[in-house]
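Worksheet: the structure to be examined is printed underneath.
A, B, C and D label the chains in the order they appear, each numbered from 1.
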């Protein structure tokens, strides 16, 4: 039970290390880095590799942004498995990510209650 | 007049490089800690609610973004980011921070054009590439399955 | 300039030290906790559970296994070794197949999900046997849920 | 060489006004600032309105110190970094002084001072208000990210200050620093594209203007008590010194940089301060005071500006930079 905390920490940390390498070595902006990681998550799921990673690392794999690509791809592929090519399309309209909905909702709430502060 | 190439040499000699090892280490620690907290939250949801390891990730992500909202609103997320770099940008909290900070910032232009129009200024590209790559990957996989190259 | 850099690093290092200590503490805590090993099966039927015990014991990827035999249902939760978690889905499938081979009349559910294990354990401690079918059904749907 | 200005009538800076935001309390120059706001929006509802208030206050302080009211002023020559310079525009609307918006990015403090001196020299201005301002939140959201967005700033990054500095320029009066000459900079672009390393982008422009000023006016570095650049920051300042050495300009240890000094050694601000208000605030507080008490007799102010827009660097363009110089003398 507790080993999942260790794997979550290590795997989550390592995904962030990849992100930092893209920042500092490849000199990419945060936006570019995040897009690359999302696409990577999506491709890994295409090869069926991301779900085992989630089984191994729990939140270490579901919390980094890569899981966003995985969630969308997984939904699309599940539909495609059921309905073939049409499923790829319909799947795209069904899949959602709790990350987006939560970000929209909390973003809206924050805009009501908070103001930006410029202090260090 | 100096040429560009010579100047680039001089400039890169003087400008300090990002301290790579330190940055990688802090990114690892920060990212790892956020995931660790995420795991704690998901164990909480599994223990007290009807969520399995699989389904607990949804409320976990939502909770983390809620925490990110508080940290962003109180001006703390920026400080974590200065320390952690990618460690705070890569987890879903970083995505939340991008959306929430833009929403707070553009409140002064009103809710419709300001908040609504600018919320995804930074994070929109992540959604675009997530959805587009999901479509392409699912399509390729479906084609490959139809031709019998791989199975589901 | 150098004074500035030295100050910069000094400040940062104190942050890192704090983090290292908390990380170490966490690892020590993780190491102290004992994992409950072995196989526990609760049998409410007349079926011989020896074959099931053997299936679980022979699989060296498992740390522990629990199972409930109730009416025509087998509900089982297994804890797998850390690095076998990558193959969790495969292990679940294999175990289900093996059990189904041995117990042809039974509906078998094997899950490596910690929630299912936790709930199955609770179910084993439950006195009221009438609630079993309903609870088992609930757990089965829970284990099949996808995100 | 072109672009050289020599003032025969020696217009003087009769008074200055410097107003800063709350974070600028951390500056070692804090005691010299005329007014420090505790609120980052100067008590206004939006950043831009707060920005406007900052300039307005600075102008009023300078006018009052010089013994004028807004109606006495002939020209208002101010600028900032926000789109279309709306904060300066709104300030001009409040003050009702005939106004020309000035833009040289962070070099605006000097370009406006030079323009005011020219108007004064021509005899058409008895009092001109010249200056520049910047407000951290307003500039940051326009050029980089939302203020609360977490991005790791490299050591080369500079902190845009919340500050407004203006000077009241009048025809020559004894006992005040006089504007004796100036050099209008040319745009120098050596291919730097990193918006988090503005100091490196601007350093060549500063070195170029310094060289042209010294050659054009027949001066030596040691002629000045100090030569103070605008906002090169700690890294840019180092590069600038290297460039001067390469140009075989003899230097003494009289070089200063307002950006590198603004926040002292505080590492929270990475390479130091920047922004239009940065050079204006230091020039019109620290440098001006030191000239008034006689510590400095002759100074050369070189304000540097990077003339980029968020659009230009997103489209991958390099950062064109400019530096204007003005020589002040206490007669």
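Simple rule for what comes next: a contact is a pair of C-beta atoms (placed from the backbone, for glycine too) under 8 Å apart; a residue touches a chain by one contact, two chains touch by 3 or more.
Owing to the predicted nature of the structure, the values given are computational and were not obtained by experimental measurement.
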item	value
B-C or B-D, whichever has more C-beta pairs in contact	B-D
Core chain by centroid distance, with centroids computed from Cα atoms only	B
CA centroid of subunit B to CA centroid of subunit C, Å	30
Between subunit D and subunit B, distance of the C-alpha-averaged centres to the nearest whole Å	37
For subunit A paired with subunit D, centre-to-centre distance based on mean C-alpha positions, whole Å	45
For subunit C paired with subunit D, centre-to-centre distance based on mean C-alpha positions, whole Å	65
Overlap residues in subunit B, where contacts from two or more other chains coincide	16, 18, 23, 29, 33, 36, 53-54, 57-58, 72-73, 75, 84-86, 89, 94, 98, 100-102, 104-106, 122
Multi-chain contact sites of subunit A, meaning residues that touch two or more partners	4-5, 9, 23, 30, 55, 116-117, 119
Per-residue overlap in subunit C, given as positions that touch at least 2 other chains	23, 26, 114, 146-147
Subunit C to subunit A touching residues, read off their complex	23, 26-27, 29-30, 33, 35, 79, 82-83, 85-89, 112, 114, 146-147
List of subunit B residues in touch with subunit C within their complex	16, 22, 25-26, 29, 33, 36, 46-47, 50-58, 83
Sites on subunit C touched by subunit B in the complex	5, 12, 15-16, 19, 23, 26, 113-116, 118, 142-143, 145-147
Interfacial residue positions of subunit A with respect to subunit D in the complex	23, 30, 116-120
Subunit B - residues contacting subunit A, complex	18, 20, 23-24, 27-36, 38-42, 53-54, 57-62, 64-66, 68-69, 72-75, 84-87, 89-96, 98-107, 111, 115, 119, 122-123, 125-131, 133-135, 137-142, 146, 152
